[in-house]
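What follows is a group of structures, each given as structure tokens.
In the two assemblies presented below, chain A is common to both, partnered first by chain B and then by chain C.
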Partner chain A sequence: MRRSLFHVTPSGASGFVFAGVCFLILPSFLGSYWLSVFTSAACFALAAFGVAFMYARLGMVSLAQVGLMGVGGWIHLRLNYLFEWPFEVNLVIAALATMVFGWLLALPALRMRGLYLALVTLMAAGGLEILFATYQFPNGGEGFWGVKTGSFSPFRGPVIAQSAESYLRYVVAVCFLGFLIVEAHRRLAPGRAWAMIRRSEAAAMAVGVNVTLYKTWAFGIAGLLAGIAGGLLAGSLGLLDDGTFRSSESVLLFALAVVGGARFWLGAVITAVLYRILPALLNTWGVDPDIAYMIFGAGLLHAVITAPDGIGGQLYGLAALMRTKFGTRGVK
Partner chain B sequence: MRDMRWINIGLYVVLMVALVLWLGAGKPFKITGMFITSGLAVGSLYALGGIGIIVLYRATGVLNFSGGAAGAAGAMTAWQISEWGWAQPVAWIACLLVSLVTTLIYGRWIASKLAWRETVVKAVATLGFALILLGLVSFIWIDDPRSISLPTDKVGISMLGLRVTGTRLLVVVASVLLVFGIHQFLVRTRIGLQMRALADDRSLSALLGIPILKVETIAWGISGLIAGFTGLMFADLIRLEPVVITFMVIPAIAAAITGKLENLGVVLIGGLSMGVIESMLTLSPTLKGARPIAPFVIAAVVLLWYQRGARLTFNTKD
Partner chain C sequence: MIEIQSILVRFGGVIALNSVSAQFSKDVSGIIGPNGAGKTTLMNVISGFVSCKSGSVVVDGQNLLNLSPHRRAQWGLRRSFQKEQIADDLSVFENVLVQLDFRMGQTRENALEVEKMLDAVGMSEHANRLGAELSGYERRLTDVARCMVGSPRLIMLDEPAGGLSVDETHQLGNHITNIPQITGGQVLVIDHDVELISDICKETLVLDFGKRIAFGKTAEVLADPKVKSAYLGTEEVSA
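For the complex of A and B:
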């Protein structure tokens, strides 16, 4: 039991290495622009992992993930200006509150089948977009909404990560923990229940799995990850802009999670690279950003039609092919 | 069961009327009337979008996110053609044609590759197509304030002391006629019968020898034409901006939800009421800023209402 929980797969090992590189080496090479791009990419990787795992494990589609990130970010900023609590406390509260918020949205829809959950979350994303655009994000003003025009009050970042460089490390570390939480779930009772539900809800119910509970659980984890990601994103610049959380962005993030490969951690990373780093690259190269849309669209169609496991799946397939072709030496 | 449906619709209409009366209470008729007519026009656009979505969804099982993008491509083409100084009708026909052709390309060559996948996957795939179209359209026509105006903007009629422009009247009448026309088409023609058969059970229809590809292509065509018309009207009445027209598909889906993705008449009622409530919210000092939220809240409430008392059950395919 314990062995299966802590067993490290080749994919997991490469994940550790990748996280290590991102944590130790990457931040030292980046200028201030790229530091903020990579920080935001790491936040979106975490959020993307939330939708992706829900889609891969249960076939549930959430089109409100970026909207939920906005909720997490809003709560985090609100707490930051309301109390003198440390960053981490705000982050945890924001994440938990987002999880509860996600439940409230999805609970009625969880009893419905695939398409309807997607539609309910799409409506939620549409509603959140308008709320954010109308009331904006707190920046230290008075009242419940806490918005003032002109200047904005300073934001308290984490004590251990005050510079942009250390903040990227901080975000990478938190993301890594988030990925581990999901993986641990997958290996314990919820993971087995999810696998059963994915196969057949009727069979799962027949063997005594509480289908609604475990679906809600999965949605809660996705909400939790979105909340963390939103809180971390708020910490990156100390402020948030409503344009980040449009409903079209939620839809795009889900689409890219499919392109990246929903079943793997690598898929979430690829999603974030496509979503945040590719447009920034195109921007620095002076390429029209509309090209990114075309690439995303074509990538999505390609992924849906020919590669159900996305780019991540294709890379894993390639790795497996290499292993069988050239053989592996030493310990697997 | 049938009675229940009428009670539901009746309840909905009564609720909406009550809401409108409450929002308009104490305001002069001239003002409320103005907001109601403008709301009806916007609502017709939602309804038109929703009708296009449902016609296609019922016949092919594809929830199409790319209708807005096809409409945007059509509307931008129409703008370009009138910029070149060609006759207006050419621009309108070009708009419909562009939307029709792009939708058919997807329906005929891409959607058929996905026929065996889950509904959600099919819906997501159309999103990919929407992104390609949106990228292409925004690439060709860079961001710039544009507008399009139809000759119907200048004509107008007076009703109960209110002036209603021709375009607004046109969309409302068009959405009502379209619901009626499609209903007749489904009930009276052979293709309509085949579409209903497909909506009912695809594999059985195939066994019976219904030419699925042909029927589906026709459904894609109809939805493409509706998308083109909606795009043109949206460009005239609200804004000519590819991103905005593309994502108009989201409130259109909200309208489609009110009809449970199957009933066109209810979609019309749902869409119109969403538009009117959204417009009437301008009169409320507290909710004014968040008024575009109306379609989503209404759709969410309707969904909740539909599934009250529902338990987790299994369809035969599980």
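For the complex of A and C:
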């Protein structure tokens, strides 16, 4: 009667295959520019998965995800220049610290929902944007902020991934683990509690769910994923630019998560493709990358009006239709 | 034993419950009254969603008003809502299991208990179906099964027969009657369906405009002229 925690759904199986292709094949065919673009896209896919899961599982809109990525990236860079610790240790500390930051952000926001919650998180993203623009990201300088002018100090990447190609593989593997963390949560008690909270907070309390705890937990998970994504992005470039973490980018990432399909892992991948790869593609073709914003706007209208499950949901629907038509089991 | 003492609830200038008291001692008891009588407000006070200005709710010696709503659920209070609260993206099994998730480290025991209660309401063969795929009656049965797990002490069902057919209401009534025997908990039912209440409840409280107008054995209460007048109104005879 009870399904095992470790059962593999058709969607999960396709996720395994997709991650395998990205890990084994994709990096071998990309030049240095595209390796950088795809690495960045993978980082943003992880961050988008965090914000999408909060929206899909709890109905909470967080517009601070890219700002939280900046927090993770800042901490990772600071630790890198301050201590001789391995990349992974810095990444874990940065992710956990961002998770704590996510919790702190959640505290005033817990009594709010809908538009008001979105506004509070947007204000937080705005505050972070100002901090990043004022103090910049550490680059090997002295003092608390660790910023110096002129040449940057070298950044230590992971020992097992020194080349751009291997670093993309590394990022794909970490992203895959991040996706699994969320999926494990979805299948265990937190996932059930979140489903009840999404249904109705009163109903959740009536079944013994501590709504404050589980909402805070969700913010923490989203913060953790953003911290990992920011740390990985810092590792990709060796330095970060405050322009990457503007509050408007958080709004755009959330909007694209809705376009991609917030309920599905594929939605986060589509989000990252739209957010990072499409502008790079337009740039390569000699087209103004800002045209991507028009495509995003059209995509958002399409999602809001006709496809609440986004492009990912439409693809799954199409797959289910084809399986039904050809007499095989439908996708769930 | 459910002891409700002098519950007073105000919403601004409106007195929703005016010093309501009752002691429910039977296995299955009912609360009836016309729309706006304060039935659901009383249930919300007991489950912690509405604060009362004064009064107490003591069940098995525990004053529930000292506990937060989720703590009351963990203590053994169960309730269903007028609209059943089944999560569409969880299976039937998971929708019931969520009630036991606060019992950490008892995975196997929890699963066995869920299976037992799903079996008791005839939903075991639907355990792996998603909430979104269920009919209204199946959703209601899942809600009832959820209220039955975890050794509940008090189970409150708010209009459980709302929107059900006569046959379904009859079957649901049988399930509700069996709840005390299966779980050991006391059941409190709110419903407009007087026939259902008279079938399954041994004692009944009648509210009207936030006041208690009758309380006692269901048959006697339903025969009370004040209750009839509250439900049917009084005839106005012109001179």
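As a working rule, the second predicted complex is superposed on the first by the 325 of 332 C-alpha atoms of A that agree within 3 Å, B and C clash if a C-alpha of one lies under 4 Å from a C-alpha of the other, contacts with A are read in each partner's own complex, and residues count from 1 in each chain.
Heads up, the rule we're going with is that a residue touches a chain if its C-beta (ideal position, glycine included) is under 8 Å from a C-beta of that chain, and two chains touch if they have at least 3 such contacts.
All figures in this text were calculated on a predicted structure; none of them were measured in a lab.
Under the clash rule set out above, the superposition-derived model of chain A with chain B and chain C shows the two partners fitting side by side. Touch criterion not met for A:Leu82: it reaches neither chain B nor chain C. Contact with chain C, but none with chain B, is seen for A:Met196 once the two complexes are overlaid on the shared chain. In the superposition on chain A, contact of A:Val21 is made with neither chain B nor chain C. By the touch criterion stated above, A:Ala255 is placed in contact with chain B alone, chain C being left untouched. Annotation for chain A, partner touching more residues between chain B and chain C: B. Put simply, the three-chain overlay gives an angle of 80° at chain A, taking C-alpha centres for chain B and chain C and rounding to the nearest 10.
When both complexes are overlaid on chain A, the residue A:Val207 reaches chain C alone and has no touch with chain B. In the superposition on chain A, A:Asp288 makes contact with chain B only, while chain C stays out of contact range.
After overlaying the two complexes on the shared chain, residue contacts for A:Leu300 are found with chain B alone; chain C is out of touch. In the composite built from the two structures, the nearest CA pair linking chain B and chain C is 8 Å apart.
Shared contact residues of chain A, touching chain B in one structure and chain C in the other: 200, 202, 205, 211. Here chain B touches chain A in the complex through residues 63, 65, 110, 113-114, 117-121, 123-125, 127-136, 138-139, 243, 247, 250-251, 253-254, 257, 289-290, 292-293, 295-297, 299-300, 303-304, 307, 310-312, 314-315, 318, going by the rule given at the top. The touching residues of chain C, counted against chain A in their complex, run 47-49, 68-70, 73-74, 78-79, 81, 85-91, 93-94, 97-99, 101-102, 111, 115, 118, 124, 127-128, 130, 146. Those residues of chain A that touch chain B in the shared complex are 59, 61, 108-109, 111-116, 118-120, 122-124, 126-127, 130-131, 134-135, 200-202, 205, 211-212, 247-248, 251-252, 254-255, 258, 288, 290-301, 304-305. Across the complex, chain C is touched by residues 1-3, 189, 192-193, 195-196, 198-200, 202-211, 332 of chain A.
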